[in-house]
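Here it is: the structure, laid out below.
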């Protein structure tokens, strides 16, 4: 029954990963921009949740939405004010720009918070299902992650803004011709990406230690998930996230946790060569 | 009346396409197409939109690998060649949507053709070649301009000059006349005839009937990826299968009826 | 540029760097060494990123692999008078690596290529950390010190880096003026058309990629001998891999002198401004990038010419 435990761990991790990646995937799919700040956004959310818990006693699950909205604003402004100026330029330019912005955010967080790992300890207890033990902290985080992802999916499918976003993702020029304000959609989408990152950061703070050292780690996972699951769609991020979570869990079980991360990258490299459209088959912008 | 000038005898078989097929996912774009191309010919390739003409050209020049069938060029099996190999062998093509090197000058664009596929010995040699090809198509004055600044008809001529610089034995022209007005088309026709007179064998994809009929000695008709008719222009034009493909089965049936009812 | 002026200026610059041991302090000699080192790195990136237009973030992979290869060779006995052989060996390993990896990664374009190239850095870094028996793992690897006083050592590595930079420069000039450079530019502007015109795009891209790697490998190997201690995070540094395109963007990608100008300016800025603000190292780099991208779309050299189109 060990495999049951490994699988359960993998799925819980995977739900969190899916939530982490979906914002990144959306921004890449819609704006054709890889947001190198995504990992930093997640950690920023985590730090805010941690300090709110530490100093104000507020549960991170409760802080999730306020943090998300704060990050939405941050993302919106960054996109509208900075990134949008170069949105039409080649990959090297936009990628280097977000890389540079990431450096600024990273440095700022290091100075403000220092790199000491911070961990929110909720200790809600455990449940035992047929020999598989799961801490309720993680279960709650997983449920909220999935709920958030589901809500995003509904927003994209049913709201006007959501459908405008999907339209821009499918064909930017056609969307513009239909009267959609593409720049606004870009800003909202980027804001949404930051929103999801921030919310996930709050959830992550309950499960993992928060430190600036891991911004790259989360960013890397978001990449891998996009390659596995395809770009710009919620189902893609979900499939990718769950897949990565399960793969890492089993790889960590068989070969040790430090190699689990390596496995993710190797799989990504293999997929990039063999099937860059991802398992879901939706080709991203190059 | 065919306007092509042929030099000498009908010539060897340059290209032999045998049961060539290509499917993308579930869609069969080209199905069991077979034909030969002899040296010195001008062959027209026609068919309704989506018939698979450009896909066929892509298969012959190695842009896609074929699903089945073969392409033999001057005795060599080139079915799985890469585009640059086709180019070096003397199989050149133009693009329906012109593909220049936008930041380079007009001259440099043609130099690219002569330097690589055209196997010019040196840059200086390539530039001299390129200039002569530009003169041939009438673009010599614009040699130093950036390619992106050209008008559409000029870009089409640049595409021709570039492909000529590649010293092709077979030239596949893909809708060279799209977007041109009547006088521009006439100029293009003159140019194409001049190219044929130089000894280049040509397959021309074209949807303008007047162009195809005046240029080609032979016509191939593609419909839903299959070769439904081939032969000299007059017989193809009157072939009921071709009429049906272009104008629909109802029209074709009515034509038959009317022909049967005539005294 | 038909004039010889840029070449003359470059020659003067190299002479200036080479003369520092005789006219300035050891600190200046060290700066000169870094100027040559980053010059070589920038010129390297220019082959794949500037001429060919493929956004590579693999620089740290090549430098780091060169460091480790050179260090291992040195520790295995290729040291003392044989040291240059260890550096050549490092460069050769990196060149081979780039050729093999290039076959895989150059099939991708744009974002996917960029990410693939970063992944290479990460994978190598992880490998260096895990394979402790070979590389010393996270603890790092000590390299035998070169015997000699600080003046001697300073000179050895200054001239080594200058030689590597000169080699990279000569390669750049040859590529720029030759068929390879022309072909790479065609690939950058329209890869399908380049294929159609008879260019073996795969082969040319691999040449560019190997060129972008080999000098970095030499730099890495020499660097490991210089500092005598290497570790995974420093050798496969994401900061370094980001600096390469930034330096070239600063000077002008796809030009012969752009990387030299950009790297020189970058190193000098780094030494004078940021060295003062150690804690703000990354933040200032980020700020420089933002300013650069907003105000210098073509790099400094293109600014002077003002062709009119970005």
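Labels A, B and C are assigned to the chains in the order they are written; within every chain, residues are numbered from 1.
Quick note on the criterion: a contact is a pair of C-beta atoms (placed from the backbone, for glycine too) under 8 Å apart; a residue touches a chain by one contact, two chains touch by 3 or more.
Predicted, not measured: the structure shown is a model, and the values here were computed from it.
Q: Which chain is most remote from chain C in terms of Cα centres?
A: Ranked by distance of C-alpha centres from chain C, the top chain is B.
Q: Averaging the CA atoms per chain, pick out the one whose centre lands closest to the mean of every protein CA shown.
A: Centre-most chain by C-alpha means: C.
Q: Quick one: chain A and chain C, Cα centre-to-centre, how many Å?
A: So the centroids are 32 Å from each other.
Q: Could you put a whole-Å number on the gap between the CA centroids of chain B and chain C?
A: 46
Q: Distance-wise, how many Å sit between the C-alpha centres of chain A and chain B, to the nearest whole number?
A: Computed value for the inter-centroid distance: 49 Å.
Q: Once bound in the complex, which stretches of chain C touch chain A?
A: My answer: residues 49, 53, 55, 104-105, 107-112, 114-116, 119-120, 122-123, 126-127, 129-130, 238, 242, 245-246, 249, 279-283, 285-290, 293-294, 297.
Q: With touch defined as at the start, can you tell me which chain C residues reach chain B in the complex?
A: Interface residues on the chain C side: 179, 182-183, 185-186, 189-190, 192-201.
Q: Residues of chain B touching chain C in their complex?
A: 61, 63, 82-84, 87-88, 92-93, 95, 99-104, 108, 111-113, 115-118, 123, 162, 166
Q: What does chain A use to touch chain C in their complex?
A: 28, 32, 34, 82, 85-86, 89-93, 95-97, 99-108, 110-111, 216, 220, 223, 227, 258-259, 261-262, 265-266, 268-269, 272-273, 276, 284-286
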